[in-house]
Structure formats: C-alpha cells, structure tokens
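Working notes for the structure below.
The chains carry the letters A, B, C and D, assigned in the order they are written, with residues numbered from 1 in each.
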C-alpha cells in the first residue's frame, strides 16, 4: 500500500513521464518490446504496480510466444537439414545455429517469466527501501532506455546487413524476381523443400526479424539488469563513503552503530537478492556465453575464407565485431556488479578505531567471504578477468577447430565455388 | 546398540522394504552388484547392521576377486601385446586400456574395501545423529537405487554396441561361424596366440562383461557417494536456514547459542568425515579423471578417421558421448559436495546482530577457511569450474597428440585398410 | 606552508643538488624530458613546490603537445596506408603500430597530466608524513635518475639500430644520395605519396625520434612510479619490523597501541593512494601490455623469416629482446608494489600475544583482504605470476597467428624478395 | 653451550652412529658428497657442532670448486660452439645445456654456501627446540641417507647409459681404439679443436661425471630439505592433534592457553624459518624448473626422431623418464611442505568452544593468511597443482617448438644421417 502511495505521490510531482526508477519501471519498455517478439510472456507488464505483474499459463501471450518459438524451431530444423545435405561446412552452420539459439533463448525466457513476478515483488520491496534511503548516482531510467534502444538498433542493423549479403552475394539458380527472388534466396533452406508462396515468405521474414531480436535479447537483458544492480550497490557504497568521511571529519559517533547496522542489513539484502537473481539468470548467462563463443569460433574460422564481394566483407567484419562486442559487453557489465559489491571495502578499513564496531567487522567479513557475481550455474564467475580467459579459450578451441577441419579449409583454399546458401 | 534398536524400530514401522536411509542401506544393492563382478570384497555387506561389515583376507570373496582381476590383467596384457605387434595405432589402444583400467580399478577397490569397515562404523555414528536431528530433503534410498541402475544399464548398452561393432564392422580372416566367429572376432588378441576353445570363449565373454561394469564402477561409486554426502550437507543447511528464519521472525534467542553450537559441531563432524572420505576416494578420483581423459583424447583423435559402416558410426558416437558424460557427471556431482558445504554462508551473514555469537563466527570462519571437496590427492579440487579446465586440457593435449601422430593420421587419411581388431 | 618551510630548510642544509626525495622531486627531470618530447603538458613541473604544479588548457605546452601528437597520427596513418597497399604482411605492420601506439600513449598522458596536479597535492601530503616518520631504505632520488637515464638510452639505441637497418638493409628504387637517400628510405611511406623536401625530412626525423621516446615513456613512467611506491611501503614495513623486534626484546608495551594505530593509519593511507594511482595509471598499464604483446607476437612471427643481412639480424634480436625486457620489467617492478604491500604480514603474526591488539588485527585483516596492486582496469593484476601467464598467452596467440598467416609464411619461405620498406 | 651439551649427552646414550636427527647431521653425508664434486664449499661440514660450520673465501675448497666450475664452463662453451657450427639442431643442444646448467648450479651453490652457516645456526636453535618438545614421526636420519643415495645412483646410471649411447650409437670418423676411441667420441666437441691427450681425456671424464652429480644436486638438495621441513611441520601437527584429542576426551583445560601459545609460537618460528629458506633456495628452485622444462621440451621434440639403435632407444626413454621424474618429485616433495603446514587447520576448527581462545584464533588466521611454500622468487608457488600446470605448459610450449622447427623436423623425417655427436 505504502508502495502505491509513494508511486502516486512521485507521479504527481513529476508528471512529464518521470517515474520512480525502480526496476519494473526501468524495464517496462524493454519488456514490452520483448513481448512483441514473443518472449517474456508475463501479464500487466506495463502496469505501474509491480505487484500486479503475473504469469498465467492460459493467456494469449503464451499462445503467441509458443507460435513464435515453433517458428524458430521450424526454421532452425530446416536450415540444419539443408546444411547436412550439402555436407557440413562450418560456414553453413551459422543459419541453423542462429535459429536454434533463438529457440533456446525463448525457452529460457518462459522459465524466467514464470519466476519473474515472485522475484519482482520481493526485489521491489528492497529496492524501494534502498531508493528512499540512499542517494541515486545516475538517472537510471534514461540510461536503461538509451542503452536498450541502442543495442536493439545495432542488432537490427546486423540483420539488415545479413539480408543484403544474402541477396547480393549468393548466387542461387532461380530466375525469380522482386520479392520472390529475395525470399527464395534468404529462405533457400525452406523453399528448397516447400513450394514458394508470398504469404509464407512474409511470415518467414517476420520470424527471421523476430529471431534477430530474440537472439540478442538474452544479452540485452543481462546487461540492463546488471546496470540496475550495479547502480543499487553504488548507492549503498556512496552512503558508506559519505558516512566514513563525516565520521572522520566531525568525530561524531552518535548512533554510529545503529547506522552501520542499517547499512549492513541493506547490503546483506542486496547480496541475497543478487543470489536469487543469479539463479534466475544462470541459464541465460550459460546460453549467452556458449552461443557467443560458438559464433566467434565459426566466424574466426570462416575468416580464413576468401571474401567474394565487398558487401560480403563488410557484413563479415560487422557481424564478427558485433558478436565479439556482445561477449565483451556482457562480461564487463556483469563484472561491474561484482566490482561494485566489493568497492566499499577501503572505506570500511579506513574507519578510525573509535568508530570501528562489530557491525563493520561483520560487513568486512561478508564482503570478503561472501562476494556476489553472476555465475552461470557456478561453472564460472562473471568478472573482468573472464574477458581474458574467454579470449584464451577462443584461441585454443580455434586451433583444434582448424586441425579438425583441414578438409573444409582445403575447400576454402582451392575453390571459390558458389555454395548456394 | 541404540543404532540396532532404532533400525529395528523403523523396520517395524515401515515393513515394505523401506529402511533408514543411511549410507550402508543405500549402497547395499550397489555393493552386492560390485561383489558379483568381483570387486569390493567385504563381508556381511547385506547385513542390516553396518558395524558387522568386515574385511577378511582369507575369504572366498577375496579369492574370487583375485581371479577376476587376474582375468583383466590377462586380457589387458594380450591385447596390449597384439596392438604392439601391429604397430601402435592410437585406435588399437582402446582395448588394452579398457582391460588395464578395469584391472587398476579393481586394485583400488581392494584398498577401499580394506578401509571401508572402519570408515563405515565411524560415519554411521555421525550419520545416525544427522538423520535423527535434521529433516531429510529427498528420498535418498530411491534416488541411489534409480541412479545406480540407470548408470549400469547405460554402461552395459555401451558394451553391447561395442560387441556389435566388433562383429559387424571388422573383417577378420577366419572362416568360423556362429559363436566361434563372434568369439574369434571379439577376442582376436587372445585367439591369435592360443587355440580356440568354446569354454574359454565363454569365460572371456564373462570377463569382458565384468570388466565393463568394473570399468564404470569407479565413476558410479564416486557419484553415488557424492549424492549421499551432498544430501547430508543439505540437511544441515536446511536447518540453518529454518533456524535463521525463525530467529528473524520470532526474535527468540532462548538457547540460541547452544543450538548453534550443536549445528557447528555437526557441520564440523561432516567436514572431518568428508576429509577421511576424500583420502579414501583419492585414488579412485585420480584414476577416474586420468582414464576418462585418456579415452576422450584417443576417441577424439579417432574421430578424424573415416567411419567404415553405419554401426561403427553409431557405436563411435555413443561411446564418445558416454565417456564425456562420465567425466562431466563425476565433476558435477562431486562439485555439489563442495557447493553444498558452502551454501549456508548467506544464512549466517544475514543473522541479526543480537543473535550473532562466537559459534556463528567460528562457523563462518570454518566454512570460508576449511572448505571440503573431493580432491584426487590434492592435485586438483573437484569443483564446477573443473569441467571447463578439463575441457581446455583436452583441447590442448589433443593438439599435441595430433602433432605427434601425423604418421598415424596419414594412414587414416590415405588408406581405409582392414585393421583386423 | 609547513611543506614549503621544510623544503627550504632541507634545501639549506644540503645545497649540493640534494632535495627531499618526494615523488615530485624525483620525477622532475624525467617529466622535463617528457615535456621536451611533447607529452605530460603540466605547468611548473620544475618548481620546487609540488602544489604549484598545474594543468591549463590554454598553454604553449598543450599546443606543442598537440602538434607532436598530430605528427604521430600523420606518420601512423600514411605508413598504415602504405602497408595496406602492399598487402598486409605482418612484418610491415611494425612501423604503423609504432606510430599509432606513440599517438595513443600521448593521448593517455593528456589524461594523466589533467589529473596529475590533484593527485600530486594529495600524495605529497601523505608522502611528507611518511618521509618524516619512517626511515628511508635507499637513495631514491639517485635510483630514479639512473634508472630513467638508462632506460631512455637503451630505447634510443634501439631506434638508432632501426635507422641503420633501414638504411643498410632495404633496397629502394631511388637514386638519391646523402640525407635525401636516408630520409627517402626511412620515410618511404611518406615520400611515396608526397614530394621530397629536406625540411620535411628533418621534421619527420624529429618526429620519429620523439615517437621513440614516447613509445617507451609509458613503460618508463610505470616502472619509476612503481619504484617510488615500493620504497614507501618498504619504509613502513621496516618500521613494523623494528617495532616488532623492539617489543620482543624489551617487552615494553608502553603506548604500543597508539604506535600501531599510527602505523595502521599510514599503511591505510598508502593503500588508498595506491588505489587512486592505479586508476590514474590503468589506461597506461593496459596500453603497455597490449602494445608489448602485439610487438612480441609480430616479431616472434617474423623470426621465422630468413634474415637478409647481419645488421638486420642484430637489429632484429636487439629489438626483440628489448620488447621482451620491457614487458618483463614492467611486470616485475609493478609486482614489487603488491609484494611489498603484503610483506609485513609475518611481523604481525609473530607478535607476542601480550602486544597483540585490535589495531594489529585490523592491519592483518586489511593486508589480507584489501591488497593493492596495479591492475589495468581490474582486467588483470600485476603480480610476479603475471610474467608466466603472459608467456603462456604469447605462445598460445602465436600458434593462432601462424595458423592464420600460412600465406605470409609461405611467402617468407619461398622468396626473399625486396619488399621496399 | 646447551646445544653442545645435549649433543654430547645424546651422543653418549646411543654410540652406534645414531645422532640427533637435526638438519646438519642428516645432511652431513650428502654435503660431503657435494664437496667431493666441488660444490657447497663450506668448512667443518662434518663437524658435529653445526655452529662451527663456516664459509671462508680463502680456502682450498673454494679453489677446488672454482676449478671444477671452470671445467663445466669450458666444456659447455666448446660443445655449444661445436653445435653452432653444425647448425643448431635441437638434439645437439642437450650436451651444451647439460654443462652450462651444471655451471649455473655450481654458481647457485656458492651463493647458498655463503649464506648457509648463518641460516644453519638460526635454524638449529629452533630445530633443537622442536625436537625436544615434539615427538618425531619418522626416522629422518635414515630416510635422508637412503633417499640421497638412491637419487645419486639413479642419476649416475643415467650418465652411464649416456656414455654407452655415445660409444655404441654414434659413428665418428676416427680410427682410434680403446680409451682414445671412447674419449674421442664422448668429447668430440673438445677433440675436434684440440689435440688428443690421454690425461686430458681422464680429466674430461672426471669433469663430466662430476657435472652429472652437480646437474642433479640442485633437485636432490631441494627434495632432501623438503623432507626435513615437512617432518618438522608434521611433528607440530601431531602435537596439535594429540592435544585436541586429549582436550576433547578429558575436558581438562588447565594451562590450555599457555600450551596453545607455545604451539603457536613454534609454528610461527617454523613459518619464519621456511620463509628464510625459501629465499635461500629460490634461485635453485627457479633453475631447477627452467632446466627440467627445457630438457623435457627438447627430449619430447627429439622423440619425433627415428631411433637409430636399441641402445639409443633405451637411453632415450630412460633419460626422458628421468627428467620427468625429477620435475615431478621436486614438485611433490616441495608441495608436501605447503600441505603439511596447513594440515592442522581441521584440528583447530574442531576444538570445543570452551577451549577455543585467542591463541587458537590467531593460529587459524596465520595458517589461512600466511601460508608458506617454496616459491621460486614468488613467480610460482610449489604446490601439488603445479604438476598439472607444468604439464599444460610443456604441452603448449612444445606446440610452438614444433611450429618453429619444421626445418629440423623435416631433416629428422627425410634423412637419418650420421650427425657426429
């Protein structure tokens, strides 16, 4: 109730679209986009009250989401079958992997959507408390919107280039023209086995653009959530810093212990919520890293191939840089959570001994012993150092990929045949 | 005495085969299977009283076990000799490695059986205490039986496929038919040097099926024991969680310290028993990882070979997936112990300061400083991250294997000769 | 004021060029050299009062620095363009990388210069306190001067050899003589596209020598700063050691707690200042490692090439050893900070229990939990172990470089053509 | 004085060659052997009083040591020159590396001998205290003698095989017979450039056998010292274990604190002495690992070569196994120190809370925070895990070695020429 009241209150003060920068509000637009492309099927996502968000099995959203998912699986299956019949060349696996990854991402988001309302209710309670008691350090609402929009645009641009590349670079043996020509080229893996049809071409185009957004949405979601959690930890750290400085200058220890206890408990709440969030996101994180790694490995291998045309070159380097950026950005933004959650340590160790009490000692112990991070089911922790480990892993795996695909490589080297894809 | 009494009591209450889910009862059936295939020769393994389990040097079980072990060594020696005479091609090493590994596994289990009664007596005491005072979180008895049966079946299926592959894929120059044909093909490494004999064929078949179970039993045993230990830690963690929540809601600190002291001492007992268990299993763990790594490396190398027939292909991929699953499952289930033994940390750091006492502080210190895990003689710790390290190691070693076997590789590439094995 | 007074006082006592060995005085000459080559454009760098150091946007130094930076960019751009037109052979990338790296280094130093005055003021306050209360362990002033001069000379020698190599080893198709001959060879990437001109030749020579110093100045600066910080930690550690020994022998605990409190606070100040310094230097550290790694990788690859002449061989090995030394020295000197900041632990744990108090406990906690090091934006920590990691990384990346440049390698192997560079 | 007295006393009690198993006595024979082969030139090494051990610059031992060292350098120089003139093939580098490594080892031992007396005096004081107050767990004196003798014999066997290999496998163009034949073959790198002479042949033989012992003595010394230090830590741990058990059974806390304080201080002394020892041995450790790594890499590369004769094959595998054993044994025995120094943690965490006091808390902190190990100048820590890291490093470096020596490899493959070495 109080929550509602405060929301309305703040709604009165700043009518011009500004809201309390709680997670629900920040992610509102992004999640709406997600629902348009058929993932994250929770109800009332645009409702201003986070406790109204709900997941119902019997809803149109679920049905729509299932249809889209099936579309991904359908395209993925056919394109995988086509690439098998041609004989697996590593560069032909890009298309099937793209659709299958989009399909698995959508499955992960069903799972996430199912658990989201509970998590959100719990988290909003803590977040409200943090927002009331700790100064904000950035305009989170704007930052989330801008980051989200920027990432989606870059992703769509990648797909647009990919379509251009299909249309201009590949030479299929069909004499169709206009839309048919484009559709037949782009969805050759479908229309080899099914008769051409304008409507199904449109549907496939819709699915492929949808798949592009979904394929990227896992990474986008991880990054946006990381930005929010980092900001929350930063708010707590800021308070610790200010408190420490005030204590050092004014030497005023009145109610010091109660204050630190409050801070410690809020920090502890944040830690606990991060642990729930980590469990929620673990599937997505694992999927994101494995998918990005696979794409980088295949694209790096394909870089050994002669580029046919300029547009193929442009597409290749844009797409390659795009996937590398994805893994780097996910790692860095994910790592910020871990970094920020430990950033308060220096303030605590610098406190004069007069104001050093059991609460601070417990806080130091907790920060040291029980540090949080996104983990991917504990197989790895997302820290800055992960970027270097991932780079080393890519290099090593690439070497084996090359050794095991000498045949493919020889094909690349000797002939520059028209592989109709 | 009390132990017996309680056993009988619980036996009365639920007659339909249900027993107290102590380790001895859970493993009873699995260990009986082990004794059928000639390993783990301890007496009274089916006795309901764990303290009656004993290891005697002069027993029929030991004699039987020695005979079987000798059979493994015999087969391993001959098949190694045969592969040496052909000239070592990496794919010919699978057979000798299989038998020699089964032989070493049986040696490890002698050692384990020798120390098992003492360990079991000590462990049952602690386990009974844990079972009485901490709620169970899963039906351990069923889980162990099902897991064990499933793993044995998958293993036997692998061997059946292997036999099929021998019979259908390899072309030996003998004109025998029926059983003789099959025996001569499957045990070519024996019958090249010894005259054929139907009885010895039967005995060899028995030994080879036995070897299959033994070859897998190290991994199965590690996984089942890990499941049990994980459950015990989980029980303690559950109590900590409940206690923490009760304290937070009721603010009832009566006998808080005594309660936490009890929990700490039980956790400490579990830690100590895990350390003994780790020493007991270290040989098996080292053997399991080195064996699985060797098989994966050789099979990965063999994947560069052209498959002769469909059944060879099916067998190859099943067998390869099987060995990979083994190393992954051992790592993950082993890692659960480590994970679960540290999972209580957040509950302890979240305790309100009123109820924070020396016992909790000691518990936090212990969890942080003295965490347990399966280790393999301290050369490595079995944690989730190990899976990634193992993957990286496989890749790197494979590269060198390829460099050092260019000659073998060329043979694979150029000719597809009938290597009679 | 007090600072000034003490400076003047010490200036009176030892007129013969000796000054208080604060960072500002130690680096005075080195920074003057930096300003001659157009980086680190802060004002009053030779003023004896560190608080007078300032950064002004509108100054001749900035203008001069901008001109030099532009020169680097100009040369880098042209030489990159030239190497693109020839077709990228890895050995042709040395020249563009050299200029571009010098350019980026100069950018980093703008940023550093901008933040330097604030940092210096803050740091000098702490440093003065440390110098007054803790014995020095080495003549820092001399050590800095000698190290700096030695490193600059070794760097210039490398460039001189490079010029010789250009003049004697490469065979360009121009019939010019004397200075024109030399200039045209050395700056072939400019004079291929622009008419020759003696003055522009001189300017380019000036820029290329300047670039040499700048290219090395990042590493030199990191090493010198590391020497200073290590000395400061060593001073504090020395005091801890002496205090511990005095306590153990005299058993005189009078004002023990106050003394340890003072030491802890000074150590804490050093830790905090190191953290600021790490943020200041992070760009430089990242740049230094990435640049050195790139050069080592390319040079290691080029070592597969047949050397044309003896002077080419000498230059190659000198230059290769030079870059390896750079990365090793930066790692080792950087690691000394981390090592020295933790070196006091044994003294603290050895203290008799009578003199063990909360201050010492806090100090142990801080040293263990909150250890400082140069980090490169937290992607890696500069410790001794980093040397081995870097070596392993070089090896792994080199393998991929070789795999991806088989074409270049074949050119190296088959023909020894005159690539006019 | 007291030390002397106790020595004489114990000398009286057990006349039959048994002595107090202090380090000085244990190493007496080994160090005498070292002095025979011209390293470790300290005086009074066989004196029963460790405080009489001394290092004097003007002594016959030093002179003798210098002559031997010069011999190593002489042989190393010539054999390196010879291998350069032939064109460096990796297998020709074994001989020069062998002599040069022996030379550097002897340099390290000068340094060690110089610091040995001081260290020994300090260490004997602590050791005597430990021996008096803590039960021994093994007959250290015998173990050291046996281990030392065994390692020296295995090393000499390796050299004997190497000589056989030279004599039987290589075909030099000289028609000498008997001793001359053998000398000319074995020291071809000398007699190619100098006239043959029977006396110089004898001297060279003496130097080469001496070099064999020296080449291994670094590793032997590290292993023996590790055995001693591990035993000392084990003694302290045993006392902790017994004390803990006594406390738990008798619940007798009388003078508990004083007892634990004594244990903590002894443990702390051991830690400090280990740190000094680590600094003393760091050069040797670094040298040992780098040398063994180099030999393994070269031998692994040479394994790609066709073996000429059976004796060449036997020598090759014995020698290869020998170097691998060296690095593994050094790592494992070195790691035991680290393992044993942390093995007491479980006893301390298991103590009932009544007997838990500040001393125990400090001991836990120290074991956790300040653990000792041999380190090699902090570049790496000698732990069990190091074995796996070294294996991975060997594999990776080998890959690059192969890439960079394709030419050598081709020579190996194509021709089996008589390279007269």
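Rule of thumb we're sticking to: a contact is a pair of C-beta atoms (placed from the backbone, for glycine too) under 8 Å apart; a residue touches a chain by one contact, two chains touch by 3 or more.
Bear in mind the structure is a predicted one, so any value in this text is a computation, not a measurement.
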item	value
Partner chains shared by chain B and chain D (touch criterion as defined above)	none
Chain of greatest Cα-centre distance to chain B	C
Same or different residue numbers at the chain C/chain D copy interface, by half rule	different
Whole-Å separation of chain centres (CA-atom averages), chain B against chain C	53
Cα-centroid distance, chain A relative to chain C, in whole angstrom	37
Where chain A touches two or more other chains, by residue	396, 399
Pairs of chains, among all present, that meet the touch criterion	A-B, A-C, B-D, C-D
List of chain D residues in touch with chain B within their complex	303-304, 335, 339, 345-346, 349-350, 352-353, 356, 364, 367-368, 383-385, 387-388, 392, 395-396, 398-399, 402
Chain D to chain C touching residues, read off their complex	261, 265, 268, 271-272, 275, 358-359, 362, 365-366, 369-370, 377-380, 393, 396-397, 399-400, 403-404
